[in-house]
Structures are given as C-alpha cells and as structure tokens.
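First comes the structure, then the notes that go with it.
The letters A, B, C, D, E and F name the chains in turn, as written, and every chain counts its residues from 1.
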Amino acid sequence: MSRPVTLFTGQWADLPLEKLAEKVSGWGFDGLELACWGDHFEVDRALNEDSYVQSRWDILNKYGLKCFSISNHLVGQCVCDLIDQRHQRILPPRLWGDGEPEGVRQRCAQEMKDNARAAKLFGVDVVNGFTGSSVWGMFYFFPPTTQDDIEAGYKDFADRWTPIFDVFQQEGVRYGLEVHPTEIAYDIVTARRALDAVNNHPAFGFNFDPSHFVHQFVDPVEFINEFPDRIYHAHVKDARVQLTGRNSILSSHLDFGDPRRGWDFVSPGHGDVEWDPIIRALNRIGYNGPLSIEWEDTGMDRDWGAPESLAMVRGQDFTASNVAFDAAFGSE
Amino acid sequence: MSRPVTLFTGQWADLPLEKLAEKVSGWGFDGLELACWGDHFEVDRALNEDSYVQSRWDILNKYGLKCFSISNHLVGQCVCDLIDQRHQRILPPRLWGDGEPEGVRQRCAQEMKDNARAAKLFGVDVVNGFTGSSVWGMFYFFPPTTQDDIEAGYKDFADRWTPIFDVFQQEGVRYGLEVHPTEIAYDIVTARRALDAVNNHPAFGFNFDPSHFVHQFVDPVEFINEFPDRIYHAHVKDARVQLTGRNSILSSHLDFGDPRRGWDFVSPGHGDVEWDPIIRALNRIGYNGPLSIEWEDTGMDRDWGAPESLAMVRGQDFTASNVAFDAAFGSE
Amino acid sequence: MSRPVTLFTGQWADLPLEKLAEKVSGWGFDGLELACWGDHFEVDRALNEDSYVQSRWDILNKYGLKCFSISNHLVGQCVCDLIDQRHQRILPPRLWGDGEPEGVRQRCAQEMKDNARAAKLFGVDVVNGFTGSSVWGMFYFFPPTTQDDIEAGYKDFADRWTPIFDVFQQEGVRYGLEVHPTEIAYDIVTARRALDAVNNHPAFGFNFDPSHFVHQFVDPVEFINEFPDRIYHAHVKDARVQLTGRNSILSSHLDFGDPRRGWDFVSPGHGDVEWDPIIRALNRIGYNGPLSIEWEDTGMDRDWGAPESLAMVRGQDFTASNVAFDAAFGSE
Amino acid sequence: MSRPVTLFTGQWADLPLEKLAEKVSGWGFDGLELACWGDHFEVDRALNEDSYVQSRWDILNKYGLKCFSISNHLVGQCVCDLIDQRHQRILPPRLWGDGEPEGVRQRCAQEMKDNARAAKLFGVDVVNGFTGSSVWGMFYFFPPTTQDDIEAGYKDFADRWTPIFDVFQQEGVRYGLEVHPTEIAYDIVTARRALDAVNNHPAFGFNFDPSHFVHQFVDPVEFINEFPDRIYHAHVKDARVQLTGRNSILSSHLDFGDPRRGWDFVSPGHGDVEWDPIIRALNRIGYNGPLSIEWEDTGMDRDWGAPESLAMVRGQDFTASNVAFDAAFGSE
Amino acid sequence: MSRPVTLFTGQWADLPLEKLAEKVSGWGFDGLELACWGDHFEVDRALNEDSYVQSRWDILNKYGLKCFSISNHLVGQCVCDLIDQRHQRILPPRLWGDGEPEGVRQRCAQEMKDNARAAKLFGVDVVNGFTGSSVWGMFYFFPPTTQDDIEAGYKDFADRWTPIFDVFQQEGVRYGLEVHPTEIAYDIVTARRALDAVNNHPAFGFNFDPSHFVHQFVDPVEFINEFPDRIYHAHVKDARVQLTGRNSILSSHLDFGDPRRGWDFVSPGHGDVEWDPIIRALNRIGYNGPLSIEWEDTGMDRDWGAPESLAMVRGQDFTASNVAFDAAFGSE
Amino acid sequence: MSRPVTLFTGQWADLPLEKLAEKVSGWGFDGLELACWGDHFEVDRALNEDSYVQSRWDILNKYGLKCFSISNHLVGQCVCDLIDQRHQRILPPRLWGDGEPEGVRQRCAQEMKDNARAAKLFGVDVVNGFTGSSVWGMFYFFPPTTQDDIEAGYKDFADRWTPIFDVFQQEGVRYGLEVHPTEIAYDIVTARRALDAVNNHPAFGFNFDPSHFVHQFVDPVEFINEFPDRIYHAHVKDARVQLTGRNSILSSHLDFGDPRRGWDFVSPGHGDVEWDPIIRALNRIGYNGPLSIEWEDTGMDRDWGAPESLAMVRGQDFTASNVAFDAAFGSE
C-alpha cells in the first residue's frame, strides 16, 4: 500500500487555509502538513479557543484531506539562534516583544512546549521544525575556532531543548528536526552530535528532507541508513547543483533563482535527488508516514509545479517485494 | 501561460502542406513553422501570385494551425558559401542558373530580400535561416591560417548581408540565424563576432537551437545568457554525443544514423539537451515566442517521434513563479 | 510496427499458469515466455501426454496471449556445471537422481534435447536458457590458471552441447543462451570463444539480456553490434551499479536487495540500462522478435513493477525511419 | 625568466624569524612573505623604533632572502567582523583592549593604516590580508535574508576600508585581499561586488589564492580572467575535495585534518588545484610578482612538505612562448 | 621518520636469494619480505636445519638489507580451498602428496603452524599470506545460493584456521591475510565476516594491499578506516581499471596483460591507487611497519619497474604534522 | 632497451640546423627528425648537390645526433588539397609557381616522389608527412552531402598518391601519414578508408601522433590496436581539451593559445594524452622506432619545454616484461 502524499503549507501561507485546501484537494493530494504561521495552524488559538482545533478539521474534512503533522520551523529557529533583525520578520509581535535576544529565545522555547500540547489537542503526534544554532555561523574555522567553541553550541542546544523535548514526551508527540544548514544538525556528523548532546532523547528525531543534503554532496540514503529509527517524518523537496567553474557552492549571497548561484531549490523531480533509492531505503526501515511535498522553486509557477510533483511522487512510491524471487526458481 | 508549440516543416517537405497540416493537427500541435521549399511556402509565388499567401492561410486555418515564422535555410546558405555541386541540390533552377558561384550568391541574396517582403505579406515577423560562410572550412588552422584570413570571411558576411538586413528592417521583419556549424556563427564566440561584423544590426538575431551546441560541448543556457535580446525564435531539437574511444566527435565523414559517428541528431528528449534549464533561461529573458520542434532522427519513425516530442515539450514548458516564496514565511 | 511485449514467467513460477495469465493479460501484455518449471511448461509432459501442449495453448488463448519462446535455464545450467548441493534445489528428482555429478549432467543434456522436441511440438522456434560452465569459477586467475585450464572448459562445453544443438537444428529450433556470469559465455570475448568452440553452430545464438552486461561495465549495444546475426531473442531486464567506495562490484556474498552490494537487479527503467540505444541497435540488425520482460527486483512489489515495466517498454519501442531526412531538403 | 618563490611565514610564527630564515634559505627559497605577527614583522615597532626595519633586512640579507610583501590577515579580519571571543586570540592586547566590538574594529582599522606606512618604510609595495565581513555569516538565506541585509554589509565594508585604502594610495602601497570565505569577497561574484562597493579604489586588489576556490568549485583561472588587473600578489596553496556521500562540503564543524570533512587544505601539488592552467593565466595577464607558498597541511610534516612544494613550483613556473610556431612552418 | 621500504620476493622466486639481494640492495631498498617458496625462505629447513635461519640473515646482512616479515600465500591458499589441478603447481611434492583434497588441506594447515614457529626462530613477528576459501566460487548467487551455503564456508574457515592462529599467538607472531579475491575475505564486508567467524582472534589481521580493492571499486582508505587495529603489514601494489564498453570487469578468462581485460596489475604509480590518502590513513592509525612493494606488471620490464616504484614510494611516504597550524596564528 | 628520443625540427625552422643541433644535443636528445623546410633538409639540393646529403650528416655527427626519418608535411598537404592563398605561405616559389591549383598539386606530387629518392640517398627509410584532402572541408554534412561526394575525395587521393607510393616502394622507403584533421585520414574510420582506397599499398602507413586524437575523443591506443602493422613512426605530442560550457570543441576560429578554444596543443605531459598505455601498446606491436617529440605549445617557452618533454619521455619509455610472473609462484 502506498504512503499518503501531503503538501506542506509553509510556502502557501499567503493563501487562507480554506482556499488552499480546495485547490490542493482538486489536485488529488491526500492531505496537508499544516504550517504554524499564517492562518493555517495557530498554536496560541489552539490552546486558548475551544473551537479552534475543530475549525481546522472542519476545513480539512470538507475537502477530504488528512493531516499527520504540523510544523513550526520559524519559532523553533529562534530558540537557539543569535537573534538579529531577520528574526523579527518571522515571528509574531507577541513572541518578538522588545527583541532583546534572550527574551526572544525564551518566549520561543515556551511556545515550542505549547506546540507539543497543541499537537496533542489537534490529534497529531509529529511536529516538524527547526532548532536554530548559536554556532552555525562558525562553520568555517576562521578566525581560528576550537572544538570548545563548537561544543558550547551543542551544550546550549541541549540546555534549551531538553526541557522542550520532555514536554513532547509527556504529550506523546515527537519532534522532527528538519536537518538543514543554519540548524544545530545539518548533515550526518552533526545530526549524530545533536543526538549525543541530548542523550538520544526519545522525543527528538528528524524530518528527513533530501534537498538539504544534495547541495552538501551528502547522499540522502546514507542519512536514512544511519538513523533508521529516528526518521519521524519525510519531506519531498528537491535541489540542484549548478556548478560552472564560476558559480560557488556557497552561492555568493545571491537570491534563490539567480542562475549564478551554485545550487538552488527546484520542483521535485527537476533536481539532483534520486527518488528511487530513497523509496527503497524508506521501505527498508519501515517508514510508513506521509511523503510531504515541500514545494519551493522560484523559477516555476507553483500551480504548475505542485500537481506535477504529486504525479512524480505517486509514480515513485512503490512498496517492497514480499517474494524471494530466486525461490521461484525452485522446481517444487 | 505556456508557449505555442509548432512543427518546423523542413524535414517533411516530401509531403504536400495540406497532408502534413492534417497529420500535425491531429497530433495536437498549435501551428507550423513553414519551410520555404517544397510546396510549403514559395517566396516567388508569394510575391507574384495574388492568392498564394491566402492559400497558405486557408490550409492552416482549416486545421486550426497558427504560424509565427517562415524559414529559408537553403537559400540563405548560398549567400556566403563557396558554392560547389552540393548547393545545386538545394536550390531551384531559377536560383542555381548556370551555377557560376558569384551569380548563385547574388541571386540568393536577392531572394532573401524577397523573403523579408514575403514574410511581411504573409503576416509573420520572423524569418529563420542560415547565412553560409566563406571561412567555415578553415576552422582547423592548418594550413597555417591567420586572423586576417578569418576576418575576411566576416567582412564578406557583413558586405553581403547588411543590405539584406536593411530590407528586413524596412519590412519590420527580423532574421533569426540558426547558429550552426557551416554558418558564419556556430557558437558563442562566433555569434558575437558576427554581431560585431554587422554592428549589431537590429534585424539580425538568432533562432536558438540547442542541438547544434551540445555536440560542440557548448552549454545552450550560456548562449541564451549571452544574447538575451537576440533570441528571436527557438527550435526544439536534440542531439546526442556518443563517444566510445573509437568514434570521433568530427564523425568520420559518416552519414547521420551511423553508430560509428561521435554524435548524432535524435528525437527531442532522447539526447543530451537538458530542457529544464533552457525553459528557465527562456523565462528569465522573457521569450514568449513559439517552441518549434525541428524533428530529425534517422533512427526513429517520424510519425512515432513527432507526437512523442510534442508531449515532451508540453510537459516541460512551465512558466516562472510570481511568488517570492520566503516572503510567505513572514508572519505578517 | 512495434514488437510484441511478453513476460518471462520464471520468477512467477509460484503462481499457476492460469492465474498468472489472467493477471498479465489484464496488465496488457501481448504474451508470455514460458518457463520450463513450475506448471508453466513441463517438457516431459509435453512429449508424453497427448493433450498437454494443447492445454497450454488453451490457457494462453483464453487470455489472448501469444507465445514465441520457452525457456529452460535451470536444466541447461546443469549440463556443464560442477554439480553441488545448490543444483539439487533447481532440478526435479527425476533429473537429480542420486546426485552423482556426471549422471546429473548427462540426464540434463538428454532433457535439453527433449526440450527442442517439445518446442517443436508446441510450435515455437526459440528456446532460451543457460549452459553452465566447468570453468566459470576460475575467472580470477589465482591459483595461477593457464589458458590450457580454460580451454578445457570450452572443449567440455563443445563436447556436451554440440549433440544437443544438432537436435535443435533437426527440429528447426534455435537455442538462445542468456549470456550471464556463471555461464560459458558472460561477455563479448567469451561469447565469441563459445561460438568458436562449437564452430558457429547455426542452432546456437543468444538471448540478449542487457542486465547482465551493465554490472560488468560492458555496453549492451556493443554486444548487439558484435553478434548481429546471433540475437535470437531479447530480454528486458535492468540492473544498477551502486558503488560507494565501500561496496564491492563482486557484492560480498550478500543477498540481492542488500544495499551493501555493488550492483543489483532492478525493475526495468530503474537501472543503468539505456534503452534508447538498444532499440536503435535492434532496429539496425532487424530483430523483430518479442521484447520479453524478465522482472526481478527484490526492493519492489512485483504487481507494482510489472505493469510499470510494460509501460516503459511500450514508450521506448520505436521503429526506424524510412525517410532519408536531408533528402527532404531537396528542392524538387 | 621564472618568478621568485617565497614562503609565507604566517603558519611558522612559532619560530623566531632568524631560525626560520636559516631553514628556508637552506631549502632554496628566494625569499619570505613576512607575517605581521609573531616576531616576523611588527607594525608598531616598525613605525616607532628606528632600527627595527633594518633589523628585518639584516636577517633576510644574512640568508640571501628577498621580500616583496608583508601580510596582516589577523588585524584586517577584525576591521569588519562581528567581534566575538575568537578574535581575542588573534589580536595583541593593545588592539583587543577591553574587547568592546566597535572599539576593537576601530583600533584595527587604525593599525591597517599604519601597516601601509610600515610597508612603505620597509620598502615593499604590497600588503596582503583579510577584511572581515559583517554579513559573511548570512550566506545561507535563512532566516529569510534580503538583499538590503546584504547590501548593508558591503556599505559597512566601504565605509570602514575606503579611508584605509586612501592611506595605502598615498603611501604608494597596494592592499591584496586574499579572497576567502569569512571575508567580504570569497568568490567571483562577491569580489566584483566588493570592488563596486569601493568604486574600484586603485589601492584595492587581490592576493590570488586558488585553495579557497576549489572547495567552492570555482575555477581559479576564471578568477584571474575576470580580474586581470587586480591580481596584486599570488599564493601557492592547495586544497582537496573529499566527498564520499557521507562527508559534507560544509565540513560538519570538524577540525582540519579530519577525514570526515568534505574538503581540506593539503600541501601544494597534493590537492585539486591544477597549476599548469594557472601559470598560463598568470603569464597571459603579465603577473611578474612572487609565487608565495602558503603551506598548510595538518596531515604532513611541514619540514617534509615545504621543500617538496618548492620543487613542485619550480617545476611548474614556465614562461610563455615568444615564437609563433606555425610561423616556423613558413618556407622562407 | 619515514617507513622502511622492502621488496616482496614472491614474483622473483626464479632468482636465487643472493642474486636478488644484490640487485635489490643496489637499487636502494631497505629490505626484503621473503617468500616461502623458491630458495628464499624454506619453512621445513628453517625448523630442521640448524644453520638455515642464520644463512638467510647472512645473505641479508651482506647486502645491508632488513627483514620484517615472511610470506606464504601459496600454502595458506590450500588450507580452505576446493583443491584442483592448479594447486599442484603451487605446492612442493611433500605437501601435495597424492593430491587427495582433504589430505592436501590438512598437510598445508600443519605447514602454516610450522610457519609461525619458523618466523619466531627467524626473528620476525608477521607472516603474510592467503587463507583460501571453500565458498569463493559461489560469489555470484546462481544457481540460487543461500546464506546457509555461504555461512558454511565461514565456519569451515574458522574450524581450520583457529588452531593455526592459536599457534601463532603462542609464538608471538601475527598472521596478515592479504585481502584478495579467491580468499575468505576480499573486501570490507567479508573481512568483517571473517573476523567475526574467528571471534576476532588476536593473531588474525590483514596485510593491506590496495591493488585488490581498486578493481572491486572499494576505496582502500575505507578499509584502513574500518580496521585500524588489524593492519599488520602493508603492500605497495597497484592496479588499473580499463573499461571501454567492451572489456568486462570480470576479465573474460584472459591472461594478465591482455588489453581486453577490464583491469590489470601495473607497476605502483601507474594505476588507479591514490597513494597520498593511503599514507595519511596509515599515519592516522599509527602504522609504522614497512611499505613492501609487491611488483607485478606483465607489460613492464621488472628491472625497470622496481627501482621506479621505490622512488615513487620514497616520494610519498611523509609523516604527519606535529604542529597545530592555526595555533601559529595566535599572536602570543 | 629504450627507444631513441628525437626532436622533430619543424617548429624550429627559424633556427639554422647547426644552431638547433647544438642546443638539442646539449639537452640530451638522441637525434633529430629533420623537417624538409627551412635549411634543415632540402629535397632539391639533396638530389642535385653532391655534397648536400653529407653536409647534413656532418652537422648531425658533430653533435652526436642520429636521424631516422625526414618529414615533409607542407608539400604533402598540397598534393590533394583545394589550393587557396594559405598554401602559398607554406611552399617555396618553385612549387607554388603561378598558383594555379592543379599545377601546384602536380608539382607537389612530383616533389614527394623526389622526397622518397632523397630519403634513400640520405639513408633513412621513413618519410613522414601529410596528404591533404579534397573533401576534408565537407566533414559536417550540410549542405546535404552524399557518400558519393565523399568517395570522390578518396578516389582523388588514390589517384594522386598511388604513383607516389610506388616510387617509395621502389626506393625501399615508407610514407607515414600523420593522421590529422585536414588530411584524408583523421581518425580510425577514415584511416581504414584511406588504406582501402590504395588497396593497402605497402609503402603507406602512419606516423602515429596521439595529440590529434584526444581532441576528437578518440583513444590513441585504439588506433595502435587497429593498425599494428602500419605504425611506421611515432610522434610525442600532447593536447588538452578545455571545455567550460562556453568553449566549443571546434574552437571558434581562434588562434592556438587562446583560452576560449575548446582544445589546444600543450607540451607533452601537460595534456590529456596518457602515455603509459601508449607505451604498452607500442611494446605489444613491437614498434622499435624513435619516439619523436613534436613540440608545440604557445603558452610555454620552447627552451623550457623541450628538455622537460625529453625527461618525461625518458621516464615513460619502459620495455615489456620477459617474465611470466605467476610462473614465479611455481614451487619448482
């Protein structure tokens, strides 16, 4: 049986949920992964308004859509980050407040605890998101950077997120970090280090997203093989490396969509991600959750791309064999 | 909105236009790019017979087909070429005459001026074609060849074609050279040199055709990036490099279709052209003209290939995004 | 006209023929290549029971399926092999007997003669299969191995198979060895050596199967080019090389499906076989027989994969052009 | 005539200059590029102590060594950087002071002006170094980052460095930024942007170092081609990309020398830099300055590596031809 | 300090030891790795003749050569192999006897125990060699091969070799299996399986030889990383992959040196082995033993190749850095 | 025994032979391959002046140089070429005459016959050179080009050169065509066609030069394998492909040395030619003639490059093994 295919609503937050649901249902998606911004899923209202959670389901049910997870990348990012003016743009005023960094971080940490509670109320057991990192910006070791400098960042992560993960565990909800540059974990080595930092907290795992690996030249299948029991959710997103001898892999402070960048996000199926080996790996580890399309491609109209992506995923999501073939050679 | 997809009729000139139009319409093409040979579009009759131009439209309209351009590669080729017996085979007797080279060249130059006038009468504003070249054959610099030798060829091109381009300009029609080996421009460097030679004459631009670049190992996207305002028309044609250590990229004087060649033309989608980056580049420069399939593949039945190509193009011709995605992340 | 697409039943021998025929017909296949094991095609019954052959056609006809060949890889394997316990698992007791190696080999040789007779009765003129080899296991030349050691194996092959091929010739049936590791011929060089060994016996040719070449890094098209008049049948089967720096191409005594192997079989279209050049090569040599899908992929459900493969083949099986294109450029 | 080969002393600052000079002279180097840290070249003493500058020349002369440039990467870095604890480790107490960031930046800016004056006194006309950057850490555009955010960093660079470059110009000295991640310019696009930001100030150019390009997949030759008149100095340093499917190009916060990194610095000749095309490019632009080995390889003993590097450079540093060869074909 | 470079004498056994020693000493080698065949090192004489061991040292000392290990690939091979006529050619009559397989295997097992004792007497603590394998020939899983079939081979290995390794341990000598096709371990996966089979017997480790990995596409550095404490000895031998689309990686039963093979052994430095990363890996694990050239290249005169190989190794064998470079940036 | 290494003097014809001989002898070359232009070797004087031939030997002997062949590319080129102004530059006035094409061709044909006679007199049995071609310029089949068009060129070659080869045969001298674009043979396919055209005339063979193959992506070893008995002489010359996505393999009518070309000649060892497999192939076919360096690299000083090339060749020219290595494993 194939996995459900959902659309992550984060890049469609300019549309009201109902309008988006109607459109996505018409394309044939099985459900939505709701972003906790725009009007798609509001954590504070979920906890404070009696009818809010039901109102979300009413919309989903009206269009025959399922929901397996909600996601809060933006608030999660602010828990560990060194806060600057860019964070104000991604937070509501109640969390930004006066913008004093430590205050922002603490309010966001509190919000992530509430996020676990809201997910429980809403009836989903996975929240996806980011963690931020106080040491991401030190990834190139100049000025000379020591392992003590780096270790301090992982300790900060553990100090801030362990209490949050404890709440997740109490609520029976799991947190799937989308492993991604700018986060405490952005590849296999740092994902292992992050798990170590929180003593393999059972509430902490990953939202597997191959698009963030291919431009680092990390094989997404190796990530699945390394963390078979920590894949709590899966995104279908794609990226393409476009190195010409003039383009840098660091992308030169250029906007997405600029052909002088060394890599870019593209509609799933148009990039360097090889989906067949990923499906086989997900089959091997027994991942049965949704394949959630995170659609982001500044060079393609999204109404053209989203249904095309859905067709691509449907055409790839095969299940494993239950016949040992050579056994069939046996003469009896 | 997607671009119209047309079929270039040059390789189907053995079929009468009406028969071809019926077939192509049935496959779902939007229109035709008429070749100025066979009975598809006859320049002399267009200028001399009152009803001729309308007769072409009658056929097109009967089958619901549009037309955005006409093409005259064969006569254009003879304007600058060193004329030999091969040119007789591609010219009508009225242009070949006694075959004396300079006479052939001058009659063909005159015909190209008429071509502009015929296009105007017919109601299209792009003519595609070749230019020929008196120095193409010197591309390998032995016997020792000087830049003076080469420069003479570019001057000859400018001398012969500037008066033709002037007529085009007067008629409000543009000439799209299909950049191609055997022509005055066959890659990025020579296209720039040709533009320089005619002082960037506004009537002179290019019929972009990626199939002629891939076997030269030139990236078609770089061509578009280099000449964003000179892409007057676009062909969809494909080629494949097939180097085995025994095949030469120069192809050993072997016929197309021989597997010992180092490259060959193949049906669009079966070769080395990557269409996704080309569509993105055409979107960036704002090219809104037709995507015209020039179908040539000696290893495939054309009635199998042409509709397959059409489906390939339809599945690739997306438009650019009009949403700045990360903006959608903003919480308000 | 396209070639018929059949399914080789060898990996479906756990299903009764009728059940398989119904399923395969529903997917739209044109026919079956019957395996001579399970109940699909039984050589002894074909020769000994009057109605048996007709019973097979009754099933095929009921579901509108054709049959162009039958295959007996398992018995053929035992004609030349050094017999060990693994062979018992692939033979019926009447051929295994007491398991004394030379007796097994002789009974299997006799059975292959009968196979030719059964094919004649059944009305097909191609039998596919294996030959076994007494020297396959010596492919790595340590302990030091001489050409005399190897030549002995080819002589053994000639001694055992020439009488079998003589029967095939008498019956008007041809034998297509599936060139494959573990056989007397597994690549171009050894296929030539095998042909030489039997003096190019006209009954001996090949069942072309590209999946066995790609993991040897042999270009399947080169095989076709080398033996244009010996391609008696063609399989559509695919394989993928997956070398990571840790995986060995020899595959470490690991089961198919283990991602640590250096290569694996995968559903056609999911592997490294390039189908377009193979179709062109088959067109060049005038092969008009079936394209027979041998479906084997331990990572994919076969009911998902078989119809997907069929669609892939249908979309690839074009015929050659019957127009010399540049001729169409001619002005007359 | 070949270029002089010097050794950059920055990674040998644990050795007193005299001891280093003796060693390097023995290996056969032509000279030294003095680092402005350790006791190699002290800017404050150069300006304040009458005999200091001569004392440096005395050492150099004693060992027959030349000097064409001095370098101050560490102080330059602090002019634009967001100052953190790592900067304290690379500055002397007189510049770090109380560590208040703006105070550190201003003292370092003043020191760089003095550096120009000291270079003039010392008799060299090139100073190499870094610039720092307030926006380097934003290279991955999440949290969503606008071009206004980035542009602010380039304005900051212009504001802080233009007055410094003015002093350089007055002194007749040029500043060669070593284009490098963590700096205002780290590739071709950002180098162009930095030049634009300071209106192509004539005192501002580049210390070409290919090792910082190869792990960004930027072709060092393209950098030379792009900025032929801004190559003020050249480093010989090498790096190697080591991507395995598990290693990230961002290098996972791992120390240099760890084989799990996606790239690393290695002794010149052991990495991915292709020296032949670089020498040809330097010949084309007429660069006649030193080739200065910056030796850094945590996996090799430096006393083994430095002389090996010298031999490598000597074997590569050819000059251009002054004969037009085919001219020699002429019969007279 | 660099490692000693020795020559393995196995491929020079046609020369008397004294003659070989003179030649090798003249080329500048540091020592020899003596083969236990020819007259180089005879196990039976070492145990039975009082002066034999001293006679070997006398020759070595006369030419200033050291010895760190002796090797007995040929007898080791016969401990687990399925014995056939090829084994007779590599054994002395006293071990071959009547050739009855089990008798041969047992006599060879006894000889390997004596080999440990002879090494002890001779004063070296490493013996290199092969193990043979009863399941090597089953590496391609047809006829269908189960993991039980394979496991039987590893049990056979454990049963036969554990008593031998026990003697090695008593004598304080270690056995370095040269991981190699035809042996119980031929890549990373099977080396792990072999270690598991003998419960990581401390006397059992590996003679690292990269030439046997590159044609399997296994990265030799990954082998070192996987077994850092089991590298007991190291060979310098090279191989080259030569795949043309016609050559099979399995090499078609062709002799070494035939250009139609898919791979071949070549003189060190002429093949696909990358020596720099191997030296770094050996440095990381602290391997301080000899680098022993096993010279085998059927296309090159060995008297030309051996000294060339020596020079190649000398130029590669650098030691690790003992300076943390960026530390040198510190201003104090 | 190694092969003699000579220098082809064609690109040094601006230097008098004596001056060149002194220089080349000082570098350590074994001899010269004399060009038949400049004053190096003059065919007419050799036939007409009694002392001329001896005068050449006197110079050679004075500097201890040997000579195995003379070469006349320039005159040979004019035998079949379509003559244009470029040919005047490479011919002496006595051969150019009035420049009427057919007259030029016939005088050059006569000169090539004399060249054979002069070689005989001089005492060498190989003359190298070009043939020219009347159809080279038609290598791209547009305007549509038939095999009849091409065949005419091969017949013209046979008609003009067969009488010349007859004279060569009478004199006991062989002609080595340097297979090269612009000649009747420029790759494997056309070399075979040229041999066929002259019925494998025994005087006609090849001067093997790998530099002309690599930019066509033809493997030089395949050429040697194809024509083992027609390799009459061998050049050591190198070329490099430099494709960036902007550079065309046809090289855009740009001068050698321009980095925008898709390929260029470079000093041997600096390009894409792999010398090791070529030496092995020459060993296999038993070629014992000179390795003659044709030095051409517009980016390198020739006095730097020629001795470097010589060292490169000396380090590569190994002979084949005369020991069957595994035989040495034998215990007796």
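Here, a residue touches a chain if its C-beta (ideal position, glycine included) is under 8 Å from a C-beta of that chain, and two chains touch if they have at least 3 such contacts.
Being a predicted model, the structure only gives us computed values, none of them experimental.
Which chain has its C-alpha centre farthest away from the C-alpha centre of chain C?
Looking at centroid distances, D is the chain farthest away.
Among the chains, which one keeps its Cα centre farthest from the Cα centre of chain E?
It is B.
Same or different for chain A and chain C, when you check if over half of the residue numbers at their contact belong to both copies?
Counting shared over all numbers used gives less than one half: different.
Taking the mean of the CA coordinates per chain, how far is chain B from chain F in Å?
39
I'd like the Å distance between the centres of chain B and chain C, where a centre is the mean of that chain's Cα atoms.
Roughly 46 Å, centre to centre.
Please output the residue numbers of chain F that touch at least 2 other chains, ranges allowed.
74, 89-90, 141-144, 219, 244-245, 256, 326-327, 329-330
How about chain E: which of its residues touch chain C in the complex?
Touch residues, chain E against chain C: 74, 77, 81, 85-87, 89-90, 135, 137-145, 147, 149-150, 180-182, 186-190, 193, 216-219, 222, 243, 245-256, 260, 262.
In the complex of these two chains, what residues of chain C are touching chain B?
Going through chain C, the ones touching chain B are 219, 221, 225, 276-277, 280-281, 283-284, 315, 318-332.
Given the complex with chain B, which residues does chain A contribute to the contact?
Per the touch definition, chain A meets chain B at residues 10-14, 37-38, 73-74, 89-92, 242, 244, 256-257, 259, 266, 270, 296-302, 304-305.
Write out the stretch or stretches of chain D touching chain C in their complex.
So the residues of chain D in touch with chain C come to 244-245.
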